């Protein structure tokens, strides 16, 4: 199997973090991997493939944008020498344009986002990380005219461009949520449209598994 | 689908409970269903079948034996009028023979276990609950000579007898763990061999889904 | 002035409550009136009209629907013998259709809402409360197709009908928020589109003051 | 409007502070601006002028005298490059002459007060801060013979002299309180005659708004 | 000595209470008698007269007016069969006219105060309590025109009338504070002019000792 | 009066400390001076001599021996420039010979005690501190054969020798306790015979006042 | 062995209690038996005789005198149907004569002590409890003239008389401590001379074991 | 006696630590020596030999392997100049091969274990520590095929080799537990088979005492 014997770092913002252990989100404690999609897909893989022998490490930090990922890429990814790295970033980069509208020094523009994320992918390849997974940010909103949704889609498109340029695995998380949202009001998944329920995390976990080639329920 | 539109009560001991909400383990909060196999399989079903419209309710209480289930069966199961009820009970009935060996008033004999559980199934059928799921208790131990394991298997056999007598769904949870334990030391799943990690809960969740007819990873 | 020397009860759900004192939300403590629109408009009236001598009492309780208001109307309103009562209720009646979609026993239908609220107004008049203020529920959402917004507007319309039938003061809080939302994304006022920031509470307070005849900033 | 698009720093002692966020009192959290007059006037301006786009930052620190303001003026005001700065300081400078009477090293004399505050205004102008608001300290006491009241008035007179010399906006907060106190015992506003209730804070907020040219209720 | 071998109950409001033990403020713990004047005068008497063998019991309860004393006089005084009872009550009876001005149901009028306190003295005499000490309430304020001070003096005069009528020991606590306040601003003794510092409590303790005939420092 | 206008530092171990404020035990808070004899005698002096204008500062630290006093004498006494310093030290120096009998590195011998304390007095005089008060350590024990009592008396005798050599005020605290103990079992004052009750602290305070020339109760 | 297969209740005051589990001090938790002599001797017996199969239950309650034992003897001893009961009571009965000297209603006289304890033994025999162990109270004090020691010895003598009259096992705990105290100051075992260190508890445990016939270290 | 007048350091992992005092596990507090076998055997020795005058110091730290012991050997053992050192280490070295199976950087191989422990013994001898006690690690498991038990026995054998090579006292703790486990299920001693109950600790303490030559119960 593709993940067999691999060390996999999952990095991102609060959606990845979910109360993971510090300083390294790996280990014996039940919440070492947090309480979100990372813990779920790890448990699903372990339960299904008892001989997989994959190490999964959660390095998400709540509130991060791609700008913070950059400052800690060396220590939190490269130095840990993973075989895989999976990145889901961007919702804070986007949302601060709206929830901290006047604090422009906190905003990460599309250009900065794309340039920085692209550089992180290049650094990772230079460090001979074998597989890179790029996940789009998402906003749990069905209104096509919603400004955050529109902007999130633009940042997601940048993720896709980077993925195509560098030949990484690409996961369209927003699209996965959109399927579910055809039948449910956003509030069922996330009161604030950003931090999903266990079901929402499972939507992410399921998409990750499918995207890396594992069949699922 | 078989669970479509159904109200399902999951009942049992600490393994089912896992910090579920009180008094009823259902609702909006992220830990309403607890943090164990109930929450996992609910999230998996919801994420995969957006139109399933199943209500799942966790009524587990830590430390319960079948004796306590009996005292609360009317209020905690019958009165809630479920379509399904899923029961996993027995490890406390067994383990107290060993970890509170001299406190015999706390022990639940095999006979009391079988008689009581059988009566609960009958009450449930009399109350027109459509489907009943009986899960074996389990002990995360590979030694065939271990006394708790041997006794747990006996109580599990009683669960099977009841299941066959009453035509319920039957889940051999111990067998599911045994597959995993071919490749791992018990301590990887549970320091105390009773309370499993997220991976252990996922083994239960996966077996539950398979047993009620859902294909899985 | 119209409120001069009056005893005014403000009642409703979490938006009114805002950590008010128990059992009666009145008194010397700085948070006796909570931290929301009730405290704001009380402070504004007191600061502007030093001789107003109005008693304001906050009786909001988080999570209430009109169904809960009914059960406590006698003790929490009538028995306190107010001159005025101001009611803002309905968002929980509506939102549970979506955030607890399958728990139908928690939903309050439009018919039950209108009948119950109307009865409370009648009871209040029978108890010779001089002035009744009816405020619409609101959902901080700009999408005209959003289901909760649509349903909230319907419940707001019921509030208007009751107001007209009984000759009460009527405040269209949703309309007040809509003015602000022409220029801002909903997330600036409320991450969950229900519980507003201080600015959002001030929008309510301002509308209340205008509606009862006080000019403002 | 005069505050349109401006960045405004509010600085002072505990009356300004009121549990504001650290290190910078600005942002998304509901208490980023504290729970006093700063939060109130910000909410009032935002609610009334949806397109104002003003940034308000609370940099108050409880217990400060003008001596502490001096030590942090560069980092807490100048470095943040505001368009406006509003200062309310002096009650600790005064009160310690009485509540820590023998600890003379804690007292700030009228001369030190005036010299230091004047220097801070000059520094601010040199840093091209466009508007400076100087607010008098206040003591919520009606007795004309009260020593703290008398001394507070003297320090307030110094604030006025500095304001006139430098052409700043001047707010006589003491006078605003005196109007209210014609009709109320001081204890209604502040048990300790220094830290006002929400109504007291609103008196300050109202005066600030009037003084910078906004009409009000 | 006059107090030799006596059981003395000290009763009153928060100034007497001062974190005394519940339900009975007597015993071995260091704060059994609270941290105010009761503890001080007890320690002074014990330290000076090692053979005094007096039992002192603190039955103060914060927030009490004479109205609450009445409801608990039987259980908290009579049933304990003291030889002496010392009462300091009245500041809450007075202050609520000002700090909860509009909540008239909380006010205790001069008439109710005098009637009730007088009745308590009569009950005490009927129960053969040998000595009764009546202490005036006090307000730590020097302004002769202050309304609370004026009203406190009136209630203190009622205490004196009752004392004279019933031949009790009378202690003019207000007068004792007034001596100190000739040289100090009230804020040195009590920020809120009601709850004194250790020095303020010692002024009360000293007066109590002098009034019952002990010479002092 | 002798203490008029003076700055007095009280230093010692836990009996002096008693939860005093840090870093300097002086100020507005009610427990700035702790809850022991320092706070008591300060309150007694203040209450009796309203114009005394004495500054009292508590610099006791629990667990100190004369060895620790030496390490902090410069910063905690000399640098604060007091007019008076009052020292009560020695019980830890003694008691550790018994309660940590085998941990000899913790013991302070009589010689070290006397030499060090004498040096501190000399340093204080060199720094022109006007008055020095030396208090004996004490052990609340009546048995003349008790080893800790015997040793405490020896250390107390050293205090007396130093006092006589340097002409300081000398207070025999042990003797003051012995008077009280003629009539009481030690357990009435101190369960552990070291940390006294409020009455015990008052015995110390009373002796201090008498020794510096104030008459008392 | 004598204790083989027996159910043994240990009852008494705080020295027995030592944070035992409530309501019954037996079970799986590490502190079910508390942290004192009961836990120690239970562990020693279990570790030495793996097949002893003795149930030990700690029913001590801090602060108890024989008077409280009487009120709970039926529920806390008889109803649990023990084979043995071990009682250590009396130090509170004695000590309150000294540490709460004036609160005579708290004192238990020698007569009441002897009568009550004797009755409890009779009740126990009537209930067919096979073995009764009576332990003397103790006071960790070497001074033969100490009043509490003298009185404790008198109460211990009463324990001995009862033991002889009823033929119970008798343990002279005071004598065991006295051996140790020949070489150590009391403060090494107990700062307050009542609550012993682990070593002190072991002295009790050792004596208990010896007295019931087990040889020891 | 062999331990008479000696200073003995007990070092190891969580089983030794048991909440001992920091930084040095010695002193007056009741839990200075922790709550495990160190505290037990210290109390037993003290209670039996009142004139032993042995200093026992607990320097265990939870989670330690021999690798961590090495980094702190100088400061935590050599610098304290003990006469004896007793070491129980190895269960974490072993168990991490199983409970953190994939985190190979956390594993301590048998070779590293033996080399390091041997070096620590040599260092200790070089520092002239008189007696060294080496205790085997243990796993409370009866299954001879259990991998952790097998591996623990191998590490225990290495302890024995080192002991023989250097002539230290050797304690086979595993063998002591095995005796008890002939009659009990492991869960009676330790739910996780590593951290024993008080009875389990007593098994260790008893073995330690026997191995150093003290007879016991």
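By written order: A, B, C, D, E, F, G and H. Residues from 1 in each chain.
Operating definition for what follows: a contact is a pair of C-beta atoms (placed from the backbone, for glycine too) under 8 Å apart; a residue touches a chain by one contact, two chains touch by 3 or more.
What you see is a predicted model; the values in this text were computed from it and never measured.
Novice: Could you tell me the least number of steps, going only between chains that touch, from subunit A to subunit E?
Specialist: Each step joins two touching chains, and the minimum needed here is 2.
Novice: Which chains contact both subunit C and subunit D?
Specialist: Under the touch definition, subunit C and subunit D have A, E as mutual neighbours.
Novice: Give me the C-alpha superposition rotation for subunit A onto subunit H, in degrees, nearest 5.
Specialist: Superposing the C-alpha atoms of subunit A on subunit H needs a rotation of 90 degrees.
Novice: Using the stated contact rule, I'd like to know whether C-E or A-C comes out ahead in C-beta pair count.
Specialist: Ranking C-E and A-C by C-beta contacts puts A-C first.
Novice: Rounded to a whole Å, what is the gap between the Cα centroids of subunit D and subunit G?
Specialist: 67
Novice: Rounded to a whole Å, what is the gap between the Cα centroids of subunit A and subunit F?
Specialist: The mean C-alpha positions of subunit A and subunit F differ by 64 Å.
Novice: How many angstrom between the C-alpha centroids of subunit G and subunit E?
Specialist: The mean C-alpha positions of subunit E and subunit G differ by 45 Å.
Novice: In subunit G, which residues are in touch with two or more of the other chains?
Specialist: Within subunit G, residues 99, 184 contact more than one other chain.
Novice: Under the stated touch criterion, can you name all the chain pairs that qualify?
Specialist: Applying the touch rule to all chain pairs gives A-B, A-C, A-D, A-H, B-C, B-G, B-H, C-D, C-E, D-E, D-F, E-F, E-G, F-G, F-H, G-H.
Novice: Using the touch rule from the top, collect the residues of subunit F that touch subunit G in their complex.
Specialist: The contact residues of subunit F facing subunit G are 95, 98-99, 101, 143, 145-148, 184-185, 187-188, 191-194.
Novice: Within their complex, state which residues of subunit C touch subunit E.
Specialist: Those in contact with subunit E are residues 26-28, 53-55.
Novice: In their complex, what parts of subunit H are in touch with subunit G?
Specialist: 30, 33, 35, 39-40, 42-44, 46-48, 50-51, 179-180, 182-184, 197-203, 205-206, 209, 214-217
Novice: Provide the residue numbers of subunit D that touch subunit F in the complex, in ascending order.
Specialist: 99-100, 102-103
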